[in-house]
Structure formats: structure tokens, C-alpha cells
Amino acid sequence: MLRRLRYPSYFLPFLFLLILGLLPFIINNEYILQVFIMFLFNAYLASGWNIISGFAGQLSLGHAAFVGIGAYTSTILFVQWGISPWIGMIFGGVIAAIFGWLIGYPVFKLRGPYYALATIAYGEIIRIFIQNTKAVGPIELKGAEGILIPFKGSSPALFQFETKAAYYYVALAMFLLVLLLSYKIKNSKMGYYLSAIGNDQDAAESLGVNTSKMKLTASAISAFVMALGGTFYAQFLLYINPQGVLSGDFSTEIAVIGIIGGEGTVFGPVLGSLILTPLSELTRIYLGGRFAGVHLLAYGLILMAVVTHIPHGVIGTFSKLYHRILLKLGDPVVSAKTGAGKTL
Amino acid sequence: MIILEAKKLTKSFGGLMAVADVSVTVNSGELVGLIGPNGAGKTTLFNMLSGYYKPTTGEVYFRGQDITKLKVFETSDLGIARTFQIVKPFGKMTVLDNVMVGAFAKTGHKKEARDKALEVLDFVGLFNAKDNLAESMTLGGKKRIELARALATEPELLLLDEVVAGLNPSEVKGVIEIIRKICKDKRVTIVMVEHVMQAIMALSDRIIVMNSGRKIAEGTPEEVANNPEVIQAYLGRGMTKSARG
Amino acid sequence: MQTLIAATLNGLFMGSLYGLIAVGLSLVFGVMKIINFAHGALVMVGMYAVFYMWSLIGLDPYLSLVVVVPVLFLFGYFLQGKVINPVLKREFGRNGHAVILLTVGLTLVLQNAALLFFGAYYKAAKTFVSGMTWDMGGVVTSVPRLIAGVVGAIVILGLQLMLSKTDLGKAIRATGQDREAAGLMGINDYKIYNIAFGLCLAILGIAAALMLPMYYVQPEAGKIFEMRSFVIAVLGGIGSLSGAFYGGLIVGLIESVTAQVWSATAAEMLIFVVFIGVLLYKPSGLLGK
């Protein structure tokens, strides 16, 4: 393994990882570090979305609902009962997975646009419910006002840190884990089956694929991943409200990042986040409150341009470029199988 | 040994009888052709045999087991595979990946699925195209992908829906050869619906002829070709001339 | 009891308006088999158009139709022709994701452009019927709502007649049923798409004019109507116009009556439960096969 690091196709990713790992030591600017945290976080969410919408081709436009379920579950457990968000995170994941299954159940037997419609409807209904509900029994949702999370100082056991760098490493770990998960799924029987479903369900069924069950499983896994992201979001911002974590715009943003990068590939969502996160963060600083919505306007224009001109997302162009760089560097592994323009 | 048995199948669509009271028996190792003029109900019958349509009345048995109410993927698990008249390749996947989806029916390991898929691709003559995207293949290539994918599931019964329709004469010859090998060398039982008479006459051990939703004749290719009722059904168009492509 | 009658009546009027908006969605789906996720944003565009006709020129919302409807028709016609058709052509025979995404992008653009140019403020037009009520022996309803309900129903009826009686209407229906066969009959399918999308926008223009005396305009004003349209379209069977009308009435009734006897949140929940119920047990719609 170590000897292989001589090859560009091994050391380039390694170098990339190394830079990501050392970033907080290189960058002293808190703000720029925050942009990187958002990059990792957005890439994480888009990758989670990608499991059902990219791999299995079932377009969801309501994934913020799962992020919200995760955020609310761990936050309420923490604020009301003092349960560590690390534990609450798992609870949130499980509840979201159940919801993911429930959303899929009525619609996965149907063909056509029903899943996209249902995800929007579910997303909205969860937002409307929380926005208008102060409490359910002993559970205080606090409606539109949202929930503030008390900061208890540096306490890693409670998912609270003094420095941005610490949050950065949590985000990095989650990012790497979701990439590993995506890679494992993509290269397994399940990954092949999901791809088949995304391409043609009738043909998939004829080859023995239980399409409903596969889609339900993917939907549940995807929801679980999103919910963990929700806990991170809550602990990072220390405040959650339905207009933020459950909004339709947030759902759309997640999907747009995945699509622009290249749905159905492992690294597409990462690329999408790499392009769109700086865009949204920069417009937010420089245009900020004066011109609300500018970054979404840009997202919209880019999305329309990508759909019209590069239907498979940026990943295709990028992987060709990356391939050419590897060849230039004289990589023997890539040279051995020239011409194979496989996507990452 | 009887591998597939359909008993008194009837299918009506909103009062319109597409298939009426048709029984079919297929023996293990046999190649059975299913023909008839347009609108004869052969596609409907075929779709009932493969589990895509549920019959209005009647049952289908596969190796003695009632499969009438099973879902399509369940019949696949039992050992029935099919191809589609209008090809349905997984367009954005490579040819190899297409066939690997089929191969995963019998294994959970990627390496084994890949080996199986490569073997089948070699068998249907697509080995060199394995890294191409399926959507970039010609119609003939796509038909072979369908065959390869179905074969990779290691079926006992293979249902072919107009697998040579739309191909040019030399492609037709190639596919006929593959089908013959599947049946004779791999010992897979085959039921094929076909418009191209050249293919059906060359391959079938037995032919079933349908007209107006009913079975009107059954027998060897010669018997069927000389059956007056069959000739009447095709109304003097001449059976060979009705062949397309 | 009287409040309940009033709630029922108001629900029917609102339902007719909801139905009108959903008819636009269903028409586009019926002809092109795509769900337009920019439907709500286009409702908003219509509302701003009507609003500015009133605030800049002083044209009454109902009168502004004379200008707004043809303008929106042309906007829809060219939007379909220049933006959506190229993607539709490329994606022919695929699952239609690309077109959905295109309309999602369009929503982001329209909504945030509105935010940028018009601001997030709630704008309202004052008209001669604003705030007027009609009292029928203790059963009170607002006049703008009454007008919206009646005109909505008339427009839907007119559209139905136009689709079944005129040559253009027949061509539109033929394209929706089987575009290849329609093509063989000499119908230019992409032109029909342009017209259908233009018609959808014209309908939204009428709806916008009916809404303005009752609703504030702001960049997200169309959202709730889009959600309603999705539910109504599924309820009535996606693509069916009469289904959309009846679906609209059902949703309007549920909303109004539940809000009266319980709460607005409960009404939202109930509409949603009905939506899921239909998906589970009758995905072809309540009136479907």
C-alpha cells in the first residue's frame, strides 16, 4: 500500500485528505474555517440525499424534514432531559429512518412523479406541524419560536466545543464516513440494484430485484444519514427553528447540490458542495442582508444551466479532467486502462 | 417433465377479451414458439406467463408450483427470466454493469457477479463492448444485453419477447445462433413470441398459433405451416412474407 | 349552525379557486406528462403582474385581466418553447427528472428575483370589493371570495368546453393521449406544448386577479397554492381537469370546515392525511379508474 503512494492515482487523493486533515492548522481565519465546515456539511447532506435520489433515482425535494427530525430529536432530548446529543443523534437517526420508510411505503409501489410530490408534502406538513405546535404532551416543540440550546462550555461528551476547529473535525469525520458508506453501497449488490431501479424498474424486477423493498431500504438509510447531520447542525448553531432547518428552500438546496455535482456518483455531491458552498457563503458575506436570496437566485440559474447543458452534472467533466492530469503525471495504473472514461 | 403449465388463462381489459381460455404446456428443454397476427393476444398471453399481467381467470404453474399471484421478482427467484419487446437496457450503466445486475441474482459478491457477467458477455458476443454505456449500443447490441442479463440470472425458463424484431438479416442470424446455443448447450427451456418467421421456423420444436385471443393450432413447424386454419388466420398474406426486418 | 353553513359555502368558493389553479397543473401534466414544480412561483408572478397593474397604472385587478392574461400566455408560450422544450426533446423517453429539476431551478430564479426586485414586504391591492361582505340571512361571506368561486368555476367550465369542442382543444387532447399518433395526424406536438403552457399561465393570471383582493402578494405567496394543487391533482387523478375541479372543492371544504370547528393546523393535517390515504388506496385519484 505505501509503495503504491508513488502513483499519482494514489497520492493525489492522499494529498487531498492530508490537506483536509491539517486545514485548521493552516488556516487561522475563523470565518474561512466556517466556510470549510459548511462545505463538509453540505457535501455530507447531499451525499445522504444521493443514496435515495441519486443511486436509486427517486427524486426527493423534502429531505430537510429528516434533517429537522434529527435536529429536533437530539435537541429536545438534550435540553429537556439532559441526554447527550451523541446519544440523541442515534435516536434521531432511527426516528428519521422510520419516517423515511413511512414516506416511501405508499408511493414506492407507484410509478411516476408521486415520490417527488409526496416528499414535498411530507416536508411541508412536518414544518407546519412544528411551527404551530408549542408542545405535544411533555415534549416542548416551542413552535415558530424555535429552541435555544444552552452552551455548557467545552464538553466533548455533550457535543459542544470551544473552537471552530473541533467542529471542523467532527464535520470531517462525518463527511468521510458518509463517503465510505456511499462507496460501500455503490460497489455492492445493493448499489447495482439501486442503479438498475434508477434506470428501469420493470427490467430490474424481471431480474429478481424487489424494487419496493430496495427503495424503502435506501430511503431509510438516507433519512438516517440526514438526521445525524441535523444533530450536527443543531449543536453547531445552538439554535433550531422550523423556518430554518425544516424549510422547503433548505430541501431544494440539498437536492441542487447533489444534482449539480452529479447524482448517482460517490463524489458528485462533494463536487457540488465544493462549487456551491463558497458561492452561497460569499454572497452571504458580501451581499448579505441587503440582497436576501441572491445565492438562491444563483443556484437556480446554475441549476437551469446544468440541466440544459450538462445533464450528468459537473462530475463527468471533472473526472475527465482528473483523468487527464493523472495521465500527464504518468500514472501507470491509469495508463494501463486508457480510454476507460469511467465516472468516479 | 412439464416445467410450465398455464391452465385456462383468460384476460379481459374493460370487457374486451384479449385472451380467452388458453392452456399451454411447456416441457423441460423445449423451445416453444408463440405466433399469431397482430392483436391475436400473444403478447398478453406472454405477459401472463411472465407474471406481468395477472390473469382474469386461470392459473400458471411453474414446476408444479402455482405462480399466478407471485410478483415478477419472485418468479425471477424461482428461475424464470424474460426479455422485453421494447428493449429496456439500464441506459446509464455500462454493458458489464447491466449484466452484473442479473448475475447478482445468484450471488452477493461483486467479484463473483463480475466473473459470471463476463462469461455471459463472452457467450453472447459482447465481451469487447463491456465498458460501453448501454444507451450508446445499437438495437442489436441492446437486444444482446437483454439476453445476457436474463441469462446471467441462470434461469431454467427463458421467455423471449420478439427478440429479433427490428434487426437486420445478419443480426437476426447471430441472435438465432445464440438462442439455439442457450437452448441446446445450456439446456434452458425457452418460450418465444416472434414476428420474424424465419427465426421461429428455424428454432422452434413446437409452435403455438393464436388468433383473436384463442389458441387455433399447435404442432411442429411443418404441421403448423400447413394447417388451413393458420393459413386462413394469416389470410393468404403468406407466412414468410409477414416477416418484418 | 349558521357559521357552519358559512364555512361550507366559503370552503366551496375557495375550493373552486384552488381547483382553477390545480387545473393549470393538471393541464400541463395531461399534455406533457411533467409535473411543473414552478407552478407556485408562476402563481406569484401572476399576482405581482396584477398588483403592479393596479399600483402603477391604477387598473382594477379584475380589469387588469385584459392585459395580464395575454401577456402571461405569451410568457408561458415562450418559456415552454425556449427553455423547457429543448430539455424535453433531449430527455424523450426518460424518467423526466431533468424537466422537474428545470422547473425547480425556475422556481428558485423567479422567487428570489422577486425577493431581490420587489422585496419581502407584503403588498396588497385595495379594490372596490375589498373587505365587502355579503349577508344572506345571517350567513356571511366575503364578496371577493364569492366572485373567485363563481368565476373560477366558469373558467374551468369554459376550458373544458374549449378542449372538447374546438379544433385546437381536440389537438391538445390528442397530443396528451398519444403524441405519436397526434404527430401522424399532422399536429405539431411541441407547438401544442407551448400553447398548453401558455394556457396554464393564462389560467394562473385569471386566478391571480381573483386572489388579489383577498391575499397579500410576496415572493412566497404562491407556495401554499402549489401545495394545494399537488394534493388536489393527486386527489382528482393527475391530468384530469374535472378531477382537479372536484378535488379543489373537497380540499376547500376540508380546509374551511376543519378550521372552523377545530384549527387551521388541524385542517392542514387533515388535508395531508387525505392525500396519503389517496396515495395508499386509490393512487389514480378519487374519480379515477
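Note that the chains are named A, B and C in the order they appear, and that numbering of residues resets to 1 at the start of each chain.
Everything below uses one rule, namely that a residue touches a chain if its C-beta (ideal position, glycine included) is under 8 Å from a C-beta of that chain, and two chains touch if they have at least 3 such contacts.
Source: prediction; values computed, not measured.
Asks: Line, ring, star, complete or other: which describes how these chains touch one another?
Replies: Contact pattern: an open line, chains touching in sequence.
Asks: Based on Cα centres, what is the most central chain?
Replies: A
Asks: Can you name the chain that lies farthest from chain C, using the mean of each chain's Cα atoms as its centre?
Replies: When every chain centre is compared against chain C, the largest gap points to B.
Asks: So what's the Cα centroid distance for chain B and chain C, whole Å?
Replies: 46
Asks: Between chain A and chain B, tell me the centre distance in angstrom, where each centre is the average of that chain's C-alpha atoms.
Replies: Centre-to-centre distance between chain A and chain B: 43 Å.
Asks: Calculate how many whole Å lie between the centre of chain A and the centre of chain C, each centre taken as the average of the chain's C-alpha atoms.
Replies: Computed value for the inter-centroid distance: 33 Å.
Asks: Could you check chain A for residues that touch two or more other chains and list them?
Replies: None at all.
Asks: Mind pulling the chain C residues that touch 2 or more other chains?
Replies: Answer for chain C, listing residues that touch two or more other chains: there are none.
Asks: Would you please write down the residue numbers of chain B that are in contact with two or more other chains?
Replies: 91
Asks: Spell out the part of chain A that touches chain C in their complex, as residue ranges.
Replies: By the definition above, chain A touches chain C via 57, 59, 61, 106-107, 110, 112-114, 116-118, 120-121, 124-125, 128-129, 132-133, 248, 252, 255-256, 259, 291-294, 296-297, 299-304, 307-308, 311.
Asks: Taking the complex as given, what residues does chain B use to touch chain A?
Replies: Interface residues on chain B, with respect to chain A: 50, 52, 71-73, 76-77, 81-82, 84, 88-94, 97, 100-102, 104-105, 107-108, 110, 113, 131, 149-150, 153.
Asks: Would you pull the chain C residues touching chain A in the complex into a rising list?
Replies: Residues in contact with chain A: 34-35, 37, 83, 86-87, 90-91, 95-98, 100-102, 104-113, 115-116, 120, 219, 223, 227, 230-231, 234, 238, 264-265, 268-269, 272, 275-276, 279-280, 283.
Asks: Show me the residue ranges of chain A that touch chain B in the complex, using the header's touch definition.
Replies: Against chain B, the touching part of chain A is residues 187-189, 192-193, 195-196, 198-200, 202-211, 264, 312, 340, 342.
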